Structure formats: structure tokens, C-alpha cells
Amino acid sequence: MRGLDLPTEVLGHLDLAAFSFLQLTGRRPTPEQGRVYNALLITLVEHGITPSALAARLTYAGAPEALQAAVAAGLCGLGSVFVGTTEGAAAMLAEELDGAPDDLDLAEAAARIVAGHRDRGQLVPGLGHPFHKPIDPRTPRLFEIARECGLHGRYVELMQRVGEEAERVSGRALPVNATGAIGALCGELGLPLKAVRGLGVMARAIGLVGHILEESEQPMAVRIWRRVDREASAHLVESSDG
Amino acid sequence: MRGLDLPTEVLGHLDLAAFSFLQLTGRRPTPEQGRVYNALLITLVEHGITPSALAARLTYAGAPEALQAAVAAGLCGLGSVFVGTTEGAAAMLAEELDGAPDDLDLAEAAARIVAGHRDRGQLVPGLGHPFHKPIDPRTPRLFEIARECGLHGRYVELMQRVGEEAERVSGRALPVNATGAIGALCGELGLPLKAVRGLGVMARAIGLVGHILEESEQPMAVRIWRRVDREASAHLVESSDG
Amino acid sequence: MRGLDLPTEVLGHLDLAAFSFLQLTGRRPTPEQGRVYNALLITLVEHGITPSALAARLTYAGAPEALQAAVAAGLCGLGSVFVGTTEGAAAMLAEELDGAPDDLDLAEAAARIVAGHRDRGQLVPGLGHPFHKPIDPRTPRLFEIARECGLHGRYVELMQRVGEEAERVSGRALPVNATGAIGALCGELGLPLKAVRGLGVMARAIGLVGHILEESEQPMAVRIWRRVDREASAHLVESSDG
Amino acid sequence: MRGLDLPTEVLGHLDLAAFSFLQLTGRRPTPEQGRVYNALLITLVEHGITPSALAARLTYAGAPEALQAAVAAGLCGLGSVFVGTTEGAAAMLAEELDGAPDDLDLAEAAARIVAGHRDRGQLVPGLGHPFHKPIDPRTPRLFEIARECGLHGRYVELMQRVGEEAERVSGRALPVNATGAIGALCGELGLPLKAVRGLGVMARAIGLVGHILEESEQPMAVRIWRRVDREASAHLVESSDG
């Protein structure tokens, strides 16, 4: 495994996230990188009933003998809508910072990013959140951990400046949300851009197993579906009455 | 393809279901078998918002660029609960009838089946239906088509007798439902038992594509999820208030 | 179901493909449309050991109790690479022909398409085939069926002219392949563009069920994998020797 | 999250595996439990080209825009064959030990287990390994870590005794393999039986992301498939020649 002997050099020496970091980068993380990476992955585990968690629970209800297929079903929806903004934030920062000179002006870079998105009529990824108002409490905590670990560098700073610039230009509160924070931390950790969606997928797999075990003890999926089905039928009856 | 040249002997000569029959059995269906097999597969396409359809729609909402993954997610739940009774009915009939002598007494076979399930505390598969009262209108129609096609043989008759016997013994209305009818028709068509789950899977794939295109035009999945999420949050608040 | 009563108006009256056409378009196909649509779907069923079929067989080897998950795994790979060219061909034709005036000059349209792809450095979708030399025998047969059914209109003609123009410009043999033919027929049938990937998915689901039943009787997946694994190990040994 | 505030009590305080342990059991692991659980999960990450990894790589080759679907395809095969023995080992030990009196005679329990499997004509799960001869080097290392952590209790001991008893009775070398070791450690950690398949699924998701990133840089799946396809075609030609 990347030059390490699994039984003697990995087992008992690396934690699961550090092992994944090694797989994705070929580098063993420093303890500081490991701490930030663990926090980032835990943030990506799904905590609530997301659409993906609901799909996994519905799948489990139909095939309880195939837990693996229920997790697979939940993962299938982690595409452009639900995982895309983390990827988008990471790519946006990478475009300005990967290989940039040391004296890059971050204020100018932030202005360039915000103006570019405005011109293309796109939302800046990683800002704002429908539920967490006024701020997403995970963001300051992730940045605090990064600071403690000496990993609060240009990616984090640029992400924050992008948020400030977007607020200034739009006149609306647009704090950095957890997807923006994670995108920035991926840059600090030197993770390849292609890996970013992968982080979401692996973290959600862990969360989905938790959801499915909960479903096996306290079923909710079929109850939800029954209500939907009842309403759909009622709607059909109304429609055909009309 | 099973000894036929695709361009010259299949395209324009066989319909899609007949082609699938050829794949599964190695035999080209007679026109009568083809008609019954088409009706059976159409019955298996999902028509309403089943749990599997809802899972596929939720998946599509997260990854609209990957329609194939949304169909895959919907298929993952077609396991023992949602497709199992068709398999169960087919297996139950096959156990009595495959290779049975011509003079097998069907009344005795039906009694044996019902008593066996009672002894094991199992429900007889293929009987009753929560929504279709008093009878599932698809069952008499499928059996009518089978009769028109000369395929109303011992599998259909035994399935009907099992329903009558179960009603007699339990004192409850337990008419043959569509899964029981399909299980019986699989026997009439000589389909291998292993293929029965496959029929549900292929038919549902067709239905799921329809669901997903409908979702792309009239989204409902995210609206459903939002309500679930809101209620889950409300419940959490209540719980933590308590 | 789209205004038809399933038991009395669909079962026994429509074939499976016609039912799918009704689902996707809201229209009952004419017999001619039905014939072309059946031929198109059968062409999309996978006939050989494609990557998707191999993935499904490997999945079945690990979870034979969950046939539905093996089909799902096979579908997951039907993305931009393997189904994309059919979509690309259909979109390319739709861009010129949907809503075009009756007197559109097809020769000019074909030249515009080929020049546009050249300028963007893209391959024209639907032309050439690595295995079928000199021509894909399915294409003339599909077009012949379309002609017999009165559905050999502008989409088919433009596709053929695109092939001729591409051959003229490139100096290479670039006959219309089956993906190009199917893209053209989708246009003739008035299928929505979004449905095109869906056709591939539903047709492959049928093919995958066939593959998996074959795998259950004549296993090949694990044998293939064992060889791959052995070679990978040998390679590792070589590498570490080097 | 299980009574802990995510930003302030989890992020920066728990590692990813500890967080998953909390999800599955409702308990925060002790440092010792955390160390064993991390080692166990890392062992379950797939290291080589398993059938599931090959299925994921083939899927990625067809749909590189949907990494999540490639991971999902890889997970779909983690059923009774590939993950079943870990589950089987855990269940076999749980049946004897969960709720057993302190003075249970482990030698008798081991004899009962081996005799029971012999009577039913079943292999004892968790013993022997086709590739690792004479012993699976992960097993002693996992047990060593468990010992260091004070988690080398009755589950581990019974598993070892089962191996010894099976060797005695069969006269063949049947050392405890990694699946048996993991099954035993699940017991030591008090993980619910239902969670065992889930552990494999979450660990493999991590491994599959690594495989897919490797595939994106050094493609091997399509090359493998091409060879299979070529051989299948050659075989068809031979067959039709014969």
C-alpha cells in the first residue's frame, strides 16, 4: 500500500482518514493535516434526512437483505446539485491559487472571482445557506481548527475574501458556508481536485450506513412513501373529478 | 443472438418483449406467448409513486446529469419485499407443477400449499391486496388474455384454487392479485424461476425512465423531501424541548 | 395511465415498447412508429460483453441474492462515454431540424455540422465504428425498416448526408453507425431529447438481465477477475523486483 | 448528533472512525476502542483489484462524469459472497457469547460450533485463505492491537479456538483469516450484528474512491474489457466454425 506494509506500518499506526489521505495523495498526512482532514470528512457525513438519505432508506425498505444496495442508491444522487458546490468552490480557488506567485493580491483575486461569476450570471459557490442563518456554525469551527493546525493559508483567506466581496457587491449576507470551507481546506491540504467529489462520496457512505441501521430499528421511509402515495392518489381523483 | 442474425432475423421481425423472451429462454415465443408475455411485463412496469420510483426521483434531483444512476437507484430496492411475492408465487406453483404427472390433483395440491404456509406461519404469496378491493382488476384481465391465447393451464388453475382454498380456510377475501397472476403466467410460459425477479427489474427500468422524465418536467421529489426534513427538524426541536 | 385504463385498454392491446412510447410521449404510437421503436430498442439492448455487462456480472458474483443490484451496477456506467454518442447524434440533428422550415437545405446543414465539429476539434457523433468494417450492418437495416414504415424523413436524410460530408472532408470511411441511426430515428419518432439516454438505459436493463442469467449458469466474471488479479500481483512483484 | 453538538463537541475532537462508531452504537468509543475500530476498518478497505473494484473502474470508464455512480456500482456487489463471511463469523460468535454466562466453556463452545457446521455441511466462516499461506498476516497484527488495547476477550479467544478445533478435526491448516479476526473484534467492540455488513460497505467506499482516482490517471479497466471482448468474439467465431 503506497510503499507501506499494511500489517506492520499501517494497522495501529494510521487512523482511517489518514489512510484515505495516503491513498488519495500518496503522502502520509502530518498530524495537523490529519486533524483537519478528519474534521472535513466528518462535516461531509450527512447528518440529517437529505434526499440521498431518504432514497437509501426507501431502498432498504424494499430490499433489507441488501444493505449494500441501499447505500449504493443513496450515493447515486451525489452529483452536480448536492456535491457540486464543494467541487465548485475548490475549483474556483484552485484556478487562482494553484501555482500562483507568492505575492498574488488576494483582494484582487476575490474581486476577479466575484465579477466573473456576475458576468456569467452564476452564483458564487460556497456562500450562503438556506437553513443556517446568519452563519453556518461549522465554518468558523473548521477555520479555527485549520488555524490551530497551521493550515489557515491562502485558500482559506481567499475564500473568506470572496465571501466579503460578494456581500459588498450584492448587499446581502453571504457568509462562507460549510461547502466553501471544505473547498478551501481541500486546497490547504493539497488534495487533487478530482478527489473532492470522492470525499463527499466516502463520507456519505459512512453516514448512509448509520441512516440505514436507524431505519432498520425505527422505520420511517415506508410511512413517508405511503403518505406521498395517498396524496398522489387523492390528487388523481381530484384531477379526474375536475 | 441465440442463432439468429440480429439485422436480418430480429430487427423488424421481433418486438422488444419477444426479443427478451428469446434471451431468457433461448426460444422464440409463439405469437400467443408473446402476447401474454407483453401483458405480464406491462403489468410489472410501475405505474404509481412506489418507494422505488420516489428513490429514483430523489436521486435524479441530486444528479440530473446522470439519469442512468437515478434508474439504478430505483432498481436497488427491488428486493425481497417489493418483488419477492411474485417470485414466491412462481416458486410455490413450480414446486407442485414442474415435472408433475398429468393427473396431479390440483385441489389436493392447493390444500397442501395452504396448509404448508399455515404450518410455517407464512402468508401465501400472490393473494389479497391492500389497495385493490374487492379484487385486483388486472388479475381477471391477465387470465382472460391467457385464456384467449391458450395459455390458461395448470399454473393459472392452481393459483386460483390456492386463492379459493385460502379464503375457505381463513374466512377472509383473498383473491389472486397481480403478483400471483404473474407468478402463474411465468409458469405457463415456461420461464426459469431465476428469471422472475429479472422480469420485475427490466419492467421497472422502463417505468423508472418514465418517472424520471416526468420529474424533470414536474419536479416533486425535492418538495417531498423538504417537508420530511422540516418535520424531522420540528421533531428534533420538540424532542430537545421535552 | 395517460388517460387509458390499464386492464381494459392497455393489457392485451399494446406491446411493451408501445407502452413505453406512450409513457415517454403521451402518445400511443402508430403501428409504423411502434415497429421502428421496437427495432431501435432491440438494437440498444447490449448483445456482447460490454464494460457495463462485465460490471454487472462481477457484481452478481459477489451478491447473487440481489440480482437487481447487479443490473443497477451495470446501468451506472451508461454515461457520457457509452451512451453519449447516441445523445450527441440526436441533439446534433435536433439543433438543425426541430422547428426548421420545410425548405431547409440539408446539404448545407450537413456541411455546417461537419465544419462546426471540425472547428471545435470534436468528432461528429454517430459515424464510424471500431469493429464493424466497412459498415455497421444494423444501420441499413434500421433505415430500411424506417423506409417501410414511412419514417425515413429529414432526420435520417440529414444523418446520412452528415456521414457523406464527413467522409468527403476527412478522406476516411465514416459510415453512419448504429448510434447515429438511432439518433436519427429518435428524431423521426418525435421523442424528446431527454428521453434518448433513457432509451439506452431501459434497453440495457433488459440485456443485463439476460447477461446475469447467463452468468448464473455459465460463470465467467470471477474467472476474468482472477486473471486480472493474478497479473496485477505479478506486476507488483516485478515492480518491486525492479 | 447523538446528543453532541457537531461544531463544538465533534469537529476537532473525534476522528472519522470514532464518529462512525458513535453513529452506529450511540456511544463515543474509548481511545482503545477507537484504535481497534480504526484498524478493523482499514483492514476492510479494499487494497487489491477485487471484483468490486473492477466493476467500479469499468463503470467509471463509461461515466467519468459520475464518480459517485462508479462507487455505487462497486458497492452493489458487496453481498453474501464477498462480505458474507465476516458477517457469518460475527454471527457465529455472537450466538455463543452474547449474553452468555461468565463461566462458559470456550473449548466446548468451539467444539459445538465446528460440529454444527460439519453436520450442516457448511464451511466455518473466518478460517483459511486462498492467497495468504500459511497465515494471513493481518490476523496476528489485529489481535496484537486488540491485546494492547485490552480488547482481547472472549470473542477473540473463541474465534481462535474455533480455528484450532477445525484444524484438529479436518487435519488441514485453517488459521483464522482477516474476516474471522474482524468478526471477533466486532464482538469485542459490542457492535450490533446488523452493522457488520455496513462496516465493509463504508470501508470499501473509501477504497473505491482511491481505485477510481487511480483509474482516472492510469486507466486499466477498458484494456481489460477489450481483451475479454476480443476473446469472447474469438470464441464465438470458433464456436460457429465448429
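Each chain carries a letter (A, B, C and D) given by its place in the written order, and its residues are counted from 1.
Simple rule for what comes next: contacts are C-beta pairs under 8 Å (C-beta built on N, C-alpha and C of every residue); 3 or more make two chains touch, one makes a residue touch a chain.
All values derive from a computational prediction rather than experimental measurement.
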item	value
Shortest path length from subunit A to subunit D (each step joins two touching chains)	1
Centroid-based (C-alpha) most distant chain relative to subunit D	C
Superposition of subunit A upon subunit B: rotation angle, C-alpha, nearest 5 degrees	180
Subunit C against subunit B, contact positions shared by both copies (same if over half, else different)	same
Chain pair equivalent in interface to A-D, over half of contacts matched, among B-C, A-B or B-D	B-C
Comparison of C-D and A-C by number of C-beta pairs in contact, larger one	C-D
Whole-Å separation of chain centres (CA-atom averages), subunit C against subunit D	38
Distance from the mean Cα position of subunit C to that of subunit B, given in whole angstrom	27
Geometric centre distance via CA averages, subunit C-subunit A, whole Å	34
Touching two or more other chains - residue numbers and ranges from subunit A	63, 65-66, 68-69, 72-73, 76-79, 83
Residues on subunit C engaged by subunit A in the complex (per definition of touch)	63, 65-66, 68-69, 72-73, 76
Interfacial residue positions of subunit D with respect to subunit C in the complex	48-52, 54-56, 58-66, 69-70, 72-74, 76-83, 221-222, 224-225, 228-229, 232-233
Footprint of subunit D on subunit A - complex, ascending	1, 6-8, 10-12, 14-17, 19-20, 23-24, 35, 38-39, 41-43, 45, 47, 66-69, 71-73, 75-79, 83, 137-138, 140-142, 144-145, 148, 192, 194-195, 197-203, 205-207, 209-210, 212-213, 216
